[in-house]
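Take a look at these structures.
Two complexes are shown next, each including chain A; its partner changes from chain B in the first to chain C in the second.
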Partner chain A sequence: MRVVLPLLLLVSAVGHAAPTESVRFSAIEVYLTTEQPVSAWQFELTEANALMQVVGVENGESPAFADAPYYDRAAVENGLADRITIADFSLADEKRLPVGKTRIATVHLLTRGDREPQLETVLVVATGYNGQAIDASISLSKSTE
Partner chain B sequence: MSTDDPHLQELDALPESLVDALRSADRPPALITSRVDREIADLAAGQFAGRGGGARRSRPARVGMVAMAASVLIAVAALLSVFRGPDPERGSIYADIDGSGRIDIADVRALARDVGSNGVSRAEIEAFAARVVELDRGGDAT
Partner chain C sequence: MKKSDLLKMWMRAACFAFVAVLVSSCANDGVDSAPPQQPGESGESGAIEEIIVTGAKVGGREQSRRAWRKKPAVVERDMSVVAAVAPRFHRNETLSLSSVAPGEELWIIARVSLEAQGTNARTDDSPGSGAMVARPYEPGHEPTDRAGLVPLPLKHTAVDASISGYISTVNVRQQFQNPFDEKIEAVYMFPLPEKAAVSEFLMIIGERRIRGILREKEEAKAIYEEARRQGYQASLLVQRRPNIFEQKVANIEPGKGIDVDIKYFHTLAYQDGWYSFVFPTVVGPRYNPPHSKDPIHAVANGERTQPGGGTAARYLRPAERSAHDISINVDINAGVTIEDVRSSHRISTSHHGAETTRVQLANHTTIPNRDFVLEFQVAGERMKSKLLTHVDPGSGQGYFTLMMYPPADFERIGRQPMEMVFVLDCSGSMRGRPLTQAKNAVRAALDHLQPEDTFQIIRFSDNASQFGRTPVAATRQNIADARGYLKLLRGTGGTHVLQGVRTALDFPHDPKRLRFVTFMTDGYIGNEAEIIEAVHSGIGDSRIFSFGVGSSVNRYLMERMAKEGRGAVAYLSPSDSARKIMASFFERISHPALTDIQIDWGGMNVADVYPARTPDVFVGRPVVITGKYLGAPDDVIVRGLRDSEQHSFRIAAGRVGQNASISKVWARLKIADLGDRQAWESDPYDELASEIRNTALEHQLMSAYTSFVAVDASRRTEGRRGTTVHQGVPVPHGVRYDTTVGKN
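Up next is the complex of A and B:
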């Protein structure tokens, strides 16, 4: 009895010291809007309050970008991606390159706490078929799937 | 000379030519003075100096040493080229190809368009792209 009681007290203390933190998983769709065919793009995704951890990245909807985009796989797999840089390029013919609003990636997130993550995106570059920089905008949308 | 000496009596009995030969053998050797010795030495020195044998021997020796040094240098250079590790920076590939002032995915694509003709492999393109998005480098590697 003298051994069991301290153990019960210790377990109780540990339970109070580390309250369970709510964790949510979500998917964010990333869209690129251009007026010209886009052959390469790169953007950065961050979260203002360090609530986010990127746990996966999928390719978008264009057949010209059929493979998974480039990102730091090691950081994602090791749980270190509290931000992410995602990029991809295509050597397809100009006619096959996407134009208009195109979903270029889906980012899977793990979010801690009850607050909504404050996601921020920065479009680093978007280029046309000949490699010239083109006007483009980037936007996010919660995945419904 | 007394004929009572039995030794001389024996000589008288020998042939004349043999007696002369024996007597010449008993004469002291011809005297070689120091002057003669010096002149002979000078003649010998002049004779060998005129041949130039020393120069002929030293030239091949120098050529051999130079050849050996060159061989060592070539061997060292070859070993360095063989055992030198890959350049981690690969400066010729990881560069601002399109001159935008930043290294990004557009540079990767610019390089990828010429794969095969520019000596860059597909694997190097993949490595370039992976480096562009690497978080430790700030993502956009600017």
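Up next is the complex of A and C:
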């Protein structure tokens, strides 16, 4: 599944007047929607105009995924990165695994320039308790205070 | 009272109060001319650079009085407060928190930036806001003993280590809290083991855990500074030395906290059946010889960074202390029966089967001012040599670790005549117990010399001198004279290790004897690279055995000197028996099992092997070599000299295992080796630096060229950048403040 989110509200979402800086910070919440408990997931986040730098990857809302997710090293190569892969897994009991729409991560970003970044995310895989791939959809939302 | 005053104050403590004394080496001329500032915004003006927080006797009476006299304008700012405090200065009384009466006020005074004073001599690039006020303790949480307590941001360090076999994985949580009424940036310089491979970094705000990103150092710093400037909470971890790191946490709001998790792993040292786990807790005060590159200054808490660049570690004065304490838990899964556990500190142990043990630091030994050393003895008469391998599933690249232990029959070899060179650090930091211990160690070693041996004693501090013009025979008379010479040695002056190294290595080698140079020092210097270069270029046929003396030794320097000197390292803490440790050490170095080692790797195509120069194998102490390979694991043949004759032994290859940590151990070794080579190799195109950076990024490790940064971009704090507060730390246990930090 592929989701596109224009970052039009990078600053207004945090309740401050828009800064004049060409360097801006924003947080993007990533949601996974499944009908079965999910034990592992992986997604890619890309930005078409190479304006994005990832500056932090935060855990989601499920206690079964209490630690921060992991990212691959593509985020740090060649200065500005336009693609990052983020993944996590849980060894929790099935009853503790999230189901339905769950915030699985918050990605903290730095963007440069006046152009609006175009974020795109692709769910690579989501697996259930037994390790089999399950149907799932992914979506993005701006983080608000 | 106007907030625009540089001197802004105070808290009316409910039942007690502190006195904070302005201590500043800056002139106060700029105080009155500083522009008005609003809380939380004043950092933008750049008028106030940092806050000096101190609540106890500051640098002795004379300094306090002098500081006071230098601030007449400040004194006049608020006479209601001054009236309560000033008389004590004039009566030459010692100020301490315990001496402050209830109802008095804490005041903390801002330092004027040098920019505001019209100078460009700033060494800190982080201007802060105006003066701050410390908050009272929560009811029911007041410390029982407030004497000398200085409000500082680092509350607690929690160390949780897990040992599996010979690799330790350690999570260090640093808990920062803002005790002031304005937001702050906390800065803390701290040590980690010299072999630590830092691979993970998290910033924790409540239940939220934000994983930091490893980036090139300058890029990470720019991101952090921008986040800080815009009011976002952020943290930055920078490596200053392979064993010294600097943590910055920006925009900690008043009364709130931010935790930082640092995860690293490292291999454990092994000797005579004992594994050793070390967690250092404090950076020793460094001496920087003139013209040192990238010095680390030792600066009193609240004092300004010294000119000349570099960084600074801040030290509490003798009458000061912070509330920072430490907890340490270590889970040991040895894989074989654990026979015994011992530690430098009081510990409690709980056994969970024969092979696993949990060790906890006892509550009353939680002051972080000396290395925590934990040793555990494993069962089995002797270790066996082995070859561990791992193939990266992604790249197909193979990695190996070869552990060489001499076979049993190698232990029955004759002793060769020796030329022993003892090099003693007699600088100010060694004064007292450390130098006494070093002398005791040399005396013990003299007792082990035999008539066919020769010896020399070299002392160094600001300069170097020696016992004899040339090494002398180990006769009874010469040994007695040497004892007299030792008696006269005193600890004073700077730590010019370079003088000691050159004096020890720059005289002709007696080919009939094995030359061993033993350095006895705490290693508190800031020019490690120069020392390593001098050892590398001057080592010749000598072997260096570095002997770390003290409670918080610069283990990085000790290990690197021994590595370049193809020798080994040992440590002597203030409470150790110098005689016992020297006896063991001497026994070992006088019986090398195999020297001048060559390795036949068989069918393995081996590359990038570390250490590049294979050290001698000594009885009871393994040599560990790590590298990359292609092809299938094969038997390895180790050849070398024993009693001047060629000998060899074979190490059988096992199957390729799942030892994923080997690749990171290899990467950490490679980074260390490249860093060492920077000391002596010409690198006009920064190729070594580039290789370090690429290796670190590929294997996701900290290095001198990569840093971790984490930003919470979901919320911007009120105001802009906070005031910088440096975390002061105690000088190491057994080290005198007056001969180290107080000398600067």
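The rule is short, and it goes like this: the second predicted complex is superposed on the first by the 113 of 145 C-alpha atoms of A that agree within 3 Å, B and C clash if a C-alpha of one lies under 4 Å from a C-alpha of the other, contacts with A are read in each partner's own complex, and residues count from 1 in each chain.
As a working rule, a residue touches a chain if its C-beta (ideal position, glycine included) is under 8 Å from a C-beta of that chain, and two chains touch if they have at least 3 such contacts.
The model shown is predicted, which means the values in this text are computed figures rather than measured ones.
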- Query: Now for A:Arg83: first (chain B), second (chain C), both, or neither, which partner does it touch?
  - Reply: first
- Query: What is the contact status of A:Ile104 with respect to chain B (first) and chain C (second): first, second, both, or neither?
  - Reply: neither
- Touching A:Met52, do we find chain B (first), chain C (second), both, or neither? neither
- Message: I'd like to know which partner A:Val38 touches here: chain B for first, chain C for second, both or neither.
- Response: neither
- Task: Based on the superposed arrangement, let me know which partner A:Ser143 touches: chain B (first), chain C (second), both, or neither?
- Result: second
- Message: Output check: A:Ser26 vs chain B and chain C. Expected answer is one of first, second, both, neither. What do you get?
- Response: second
- Looking at the overlay, does A:Tyr70 come into contact with chain B only (first), chain C only (second), both, or neither? both
- Task: Check the residue A:Leu119 against both partner chains and state whether it touches chain B (first), chain C (second), both, or neither.
- Result: neither
- Message: Under the stated touch criterion, name the partner, chain B or chain C, that contacts more residues in chain A.
- Response: C
- Query: So which bits of chain A does chain B touch that chain C touches too?
  - Reply: 70-71, 75
- Item | Residue numbers on chain A that touch chain B, as the complex places them | 39-42, 44, 70-72, 75, 80-81, 83-91, 124-125, 127, 131, 133
- Query: Residues of chain B touching chain A in their complex?
  - Reply: 98, 100, 102, 104-106, 108-110, 112-113, 129-130, 132-136, 139-140
- Item | Footprint of chain C on chain A - complex, ascending | 14-16, 19, 21, 23, 25-27, 53-59, 66-71, 73, 75-77, 79, 106, 108-110, 143, 145
- Message: Using the touch definition from the top, list the residues of chain C that touch chain A in their complex.
- Response: 202-203, 207-216, 219, 223, 226-227, 230, 232, 234, 697-698, 700, 709-716
